[in-house]
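So, here's a batch of structures to check.
Here come two complexes built around chain A, the first alongside chain B, the second alongside chain C.
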Partner chain A sequence: MLSGLVDGIFSGISLGSVLLLAALGLAIVFGLMGVINMAHGELIMLGAYTTFLVQNALKNTPLFGIYIFVALIAAFIVTAIFGLILERGVIRHLYGRPLETLLATWGVSLILQQFVRSVSWQLVAIVAVFCVLFFGAMTIVARRTDFERIRGWFLAVMLPLSAVSAIAVGNVLGATYKLAFTKEWFGARNVDVTAPRWLRGGLPVAGTQFSYARIFIIVLTIACVVGVYWFLNNTPWGLRIRSVTQNRTMSACLGIPTKKVDALTFALGSGLAGLAGCAVSLLGSVGPNTGQNYIVDTFMVVVVGGVGKLAGSILAALAIGTANYLIGSNTLVDLTAPIQPLSDVFAFFSTISMAKVLVFALIIAFLQFRPGGLFPQKGRTVDA
Partner chain B sequence: MVDVVSSQSTKFGGRKQKLLIEAGIVGAIAILLIFIMPAILVGAGQAFRVNLLGRYLALAIAALGIDLIWGFTGILSLGHGIFFALGGYSLAMFLSLQLPSGQLPDFFSPYGVTELPFFWQPFYSLPFTLFAIVFIPTIVAAILGYLVFRNRLRGVYFSILTQAALIVFFNFFNGQQKLINGTNGLKTDTATIFGQTVSSPQVQTVFYTLTVLLLVGGYALSRWLTSGRSGRLLVAVRDDETRMRFSGYDPTLFKVLVFAISAGLAGIAGALYTAQSGIITPQAMNIAFSIEMVIWVAVGGRATIVGAILGTLIVNFAKSILSEQFPQIWYFFQGALFLIVVTVLPGGILGWLRDDGVRWVRSQVNKRRPLQTYPSLEEDPDVQYERKNLANRKPDR
Partner chain C sequence: MSYENATLEPMRADTASPMLEVDDLNVYYGESHILRGVNMSVFPGKMVCLIGRNGVGKTTMLKTLMGILKPRSGNIKLDGKSIIARTTDQRARLGIGYVPQGREVIPRLTIKENLILGLEALPERPKHLEIPDEIFELFPVLKTMLSRMGGDLSGGQQQQLAIARALMGRPRLLVLDEPTEGIQPSIILEIEAAVRRIIETTGISVLLVEQHLHFVRQADWYYAMQKGSMVASGSTSQLSNDVIQQFLAV
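Let's look at the complex of A and B:
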């Protein structure tokens, strides 16, 4: 009984900490820009694949024991850079249109999923040649003063031209080097990350085992939360981020570069997604659809937590994670066994997927009392 | 002043005439779709495309609902798959029960179910099923919409809540093997209706015709809702809800209403799609499908009703052709479609034609556009009077 409860709470907290790690970046970005990034799940997936690559690269080196730390740094950098590109390339143009941003980032997430499935040296070469040709030509032509006037013609000529030549180069290279060049890196199947030796096994506590991997994730989450908290409260850029979150127009008037703040925050949020991906890869195998499993739950964390404070996201993630686990496992059925009708109800919902049904109902009920979430932003200008 | 009144009345007469012309065009297209299109496709040796066309026309009905709620009212629902599936399941349950009395549908036996679950009972009756196809989605949407809109949750919040609801319904339908055959879904193509197999050509023709007719009905309903006063209310919700509330309207009511109506349209679409595709599974409630519905409307043109239908047909035929040829490219293409439509082409195809297309064509043939004045000046009777009578007068000085 007791061990069941301890185990349930531990697993719930560990589930919640994964959620929190995944939702942290999303919540910061949503608080700042009012934008829901549908590609956030795919950024998590990118982080997980980066971990896989780092693991393979360090397999036979003395660094293998601590590859997970290298992977954490690499995943953060890769996803942060990708987030920066995403913000500069797409989201910046859609500022003030959150619903359109949602659709656009969904498009990005589709592209990323398929990219992971079919990425090969050939595809990389095609993309690289295309970028060099197209953006190279653009930088050269953009020096002309009448660029705006000929932009339409430039696009009409250069877009197909660079696309065709890129595909031609890719195919020629593919025909020369054959399979070594066209073979997909990952393919559609899942890949597995093996945890380092010191993360396998578990810590025996009160008749149950706390797996080291889960403890590692909890510690990582705490470190990330503390780090983000410190960054937001003790650095100049953190101060700027907080002020733009509270009142964008006023901050802009006072000389805060809101564009830069947006880009920086988005990169930070994406980097956190990369860290989450690293953590997720320790829990199970990783596939192109890994990100999809997390997005809806992380969105719910943002909705329940509210946009005002980090504490909202933390509480919401832990609550949703614990509730999901307690309802989904049989813990609550055992606990309420004396009261037959109640335990029947919990028995009906006692699978992982059915638990989500009950948790969603609870969230909707919660929003009836606190529409703005746990810690809503206060003030007259707030228009949630 | 008399002039003004008479011009008003001719305007009115003109509107009636326009409506008649529109009805004529719609009727002609419907007749074309029902009688001529199948013959052409069969003649071209593409008989299976008739079935595809029927399915896509059914999807277009759902797109009409999305257009109502997203295009006009500005509420992005990512959960229309729920309503689509509810409609589809309603019809599929009715069709599964077309058995000799006392017999259970086959799929129940592996799970050891001996008694029909209680909520299957009403689906023995055809009138109830027809009612259920429209009104179960409507009622579910109304409840969900009321609970969310009542708290003034809107924008992105509403979108992700509907998405969460979608996942919840998906989990429920996917997990309950003993109630609705879980992940395998319900097959309808081998069932019988009025003594005929559902997948037989005759029944399929009936369903195809029904789809076209209901699409015309949905078009008329959308036109009626979006013209005149109610249409302006919808657009008001989209453009400035706070101001609308301060003018004494209750946005919650309108939002719930339009959400429920669009859910009803999705339910009809789901039933017709199921009848023509032969199966409904919980996959109708996956996340991607519901977002795809939005992109159909976006490609055709937001807030243009024809655009919703056109966009659905274009995107889906593009999908079926592209994914036959290069299945990998399709996802890249679809992702790019989302990006392009949102960033470059926010008005969709029809919006582009309406706003920029004409100007672009003119600029290509190097014809200057006639200089414009303010429209209000063109219509102002005083200005017209002055133009007519004072233009040739010499100045007093």
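Let's look at the complex of A and C:
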């Protein structure tokens, strides 16, 4: 009985901390900036694939024991850079237009899913050549004073030209180096990350086992939450981020470089998604659809917690995680065994997918009573 | 048209060059022409008041000055240099302190954080983020509530905070948009006295949009707007009752 309860609480917290880690980046991007980023799940997936790559690179080297820390840093940097490109290239043009942002980022998420399926040296070469040609030409031409006037012509000429030459270069290289060049890096199949030896196994507590990997994720989550809190509340850039997210125009009037702040905030949120991906890769195999499994849950966490409130996200993640586990496992069925009808109801919902149904139903019911989430915004400025 | 007494003379230059010069500014909202060839100048150490009834383009003028709105044509010069191509945050760092209509205090930051943000306009961020005593001498009420949220203050307190915040960046030109709107009379007097003192002690220029006659009289010079154009200007000492009737929504 005791071991079952301890196990339930531990698993709930551990599930909640994965959710929280995945939602933390979104709490910044969606909660603070108000950007609906449907590609957040794919950023998590990219973080997981980065972990896989780092693991393969460090295999058979003395560093393998601590590869997970290298992977954390690499995942953060890779996804932060991806987020930066996403913000500069797409989202920047769509601030204040939530529907367009939703569609555009959803498109980006589909592109990223297909990208990891078909990425090979050939594809990388094609993309690189295209970027060098197109953006190189653009930087040169943009120096001309009449760039705005010839912009249409420039695009009409340079876009197909760069695309054709990039594909040609890719095909020539592919024909020369054959399979080594055209072979996909990951393919559509899932890949597996093996935890380093010290993360395998578990800590025996009260007749049950706490898996080291899950303890690692809980510690990582706590570190990330503390880090984000500290960054937002105690650094000059944190203050700027909080100011810009509340009142963009006035922040600019005070002399805050708002574009830089936007880019930094988005990169930070994306980097946190990368850390989440690193954690997720320890829990199971990683595939192109990994991000899809998390995106709905993470939005739920942010909405239930109260948009723009980190404390709310923390509580919501723990609550949703624990509820999911308690309903999905047989714990509640056992606890309510004396009351037959109640026990039957819980038995009906005690599979992972049915547990999700019940949790979503509960969330919908909860939002009827508290539409603003656990911690709604307060004060006289809420309606303004 | 009955402004026989009103004249459209440029502000007299008793010093070499104006702090702010607006030249033939045209601003549109979509296709509607809001500012029609506006000219004006503000000289160093002077307080200039922009008057006019509601909807004639006073706030649009200030927003264009800050770069929040983009003009279709015309030029704005700060201290002789054109700032028309600068972004809003660059203009703030060039020394324009802006107190907008409706105060725009950052609601979920504390008073202290709001004031610290005022330092962003300085060319170099100081190592020690301290709030100088002058600020509290001007607005003693702020000192007692540094850790409260900006959004929880009353309108008058928010106005004082917004002015204090603009002063933190040591601007060369302070731009105030209806600082007395919707504020109780005793606080209006306090704000008036504070603005007067700021000009005396720091020697900065002030550009003010105002409806409150008592405050308008504090200025050195007035510009009157009607339907997006400057229609009258002169020394406020010569501000006749006719002009007041014409341009102030009393």
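List of remarks:
Everything that follows uses one rule, which is that the second predicted complex is superposed on the first by the 377 of 384 C-alpha atoms of A that agree within 3 Å, B and C clash if a C-alpha of one lies under 4 Å from a C-alpha of the other, contacts with A are read in each partner's own complex, and residues count from 1 in each chain.
Criterion: a residue touches a chain if its C-beta (ideal position, glycine included) is under 8 Å from a C-beta of that chain, and two chains touch if they have at least 3 such contacts.
What you see is a predicted model; the values in this text were computed from it and never measured.
In the superposed model, A:G255 makes contact with chain C only, not with chain B. Of the two partner chains placed around the shared chain by superposition, neither chain B nor chain C is touched by A:I140.
With both structures placed on the common chain, the touch criterion links A:Q113 to chain B but leaves chain C unconnected. By the touch criterion stated above, A:L179 is placed in contact with neither chain B nor chain C. The residues of chain A shared by its contacts with chain B and with chain C are 384. Contacts from chain A toward chain B in the complex involve residues 30, 34-36, 90, 93-94, 98-104, 106-111, 113-115, 117-118, 292, 296, 299-300, 302-303, 351, 353-354, 356-357, 360, 363-364, 367-368, 371, 383-384.
Against chain A, the residues of chain B that register as touching in their complex are 70, 74, 76, 147-148, 150-157, 159-161, 163-165, 167-168, 171-172, 174-175, 242, 287-288, 291, 294-295, 298, 328, 331-332, 334-339, 341-343, 346. Interface residues of chain A facing chain C in the complex, by the touch rule stated above, are 236, 239-240, 242-243, 246-247, 249-258, 377, 379-381, 384. Those residues of chain C lying in contact with chain A across their complex are 66-68, 87-89, 92-93, 98, 100, 104, 106-109, 113, 116-118, 120-122, 125, 149, 151-152, 165, 169.
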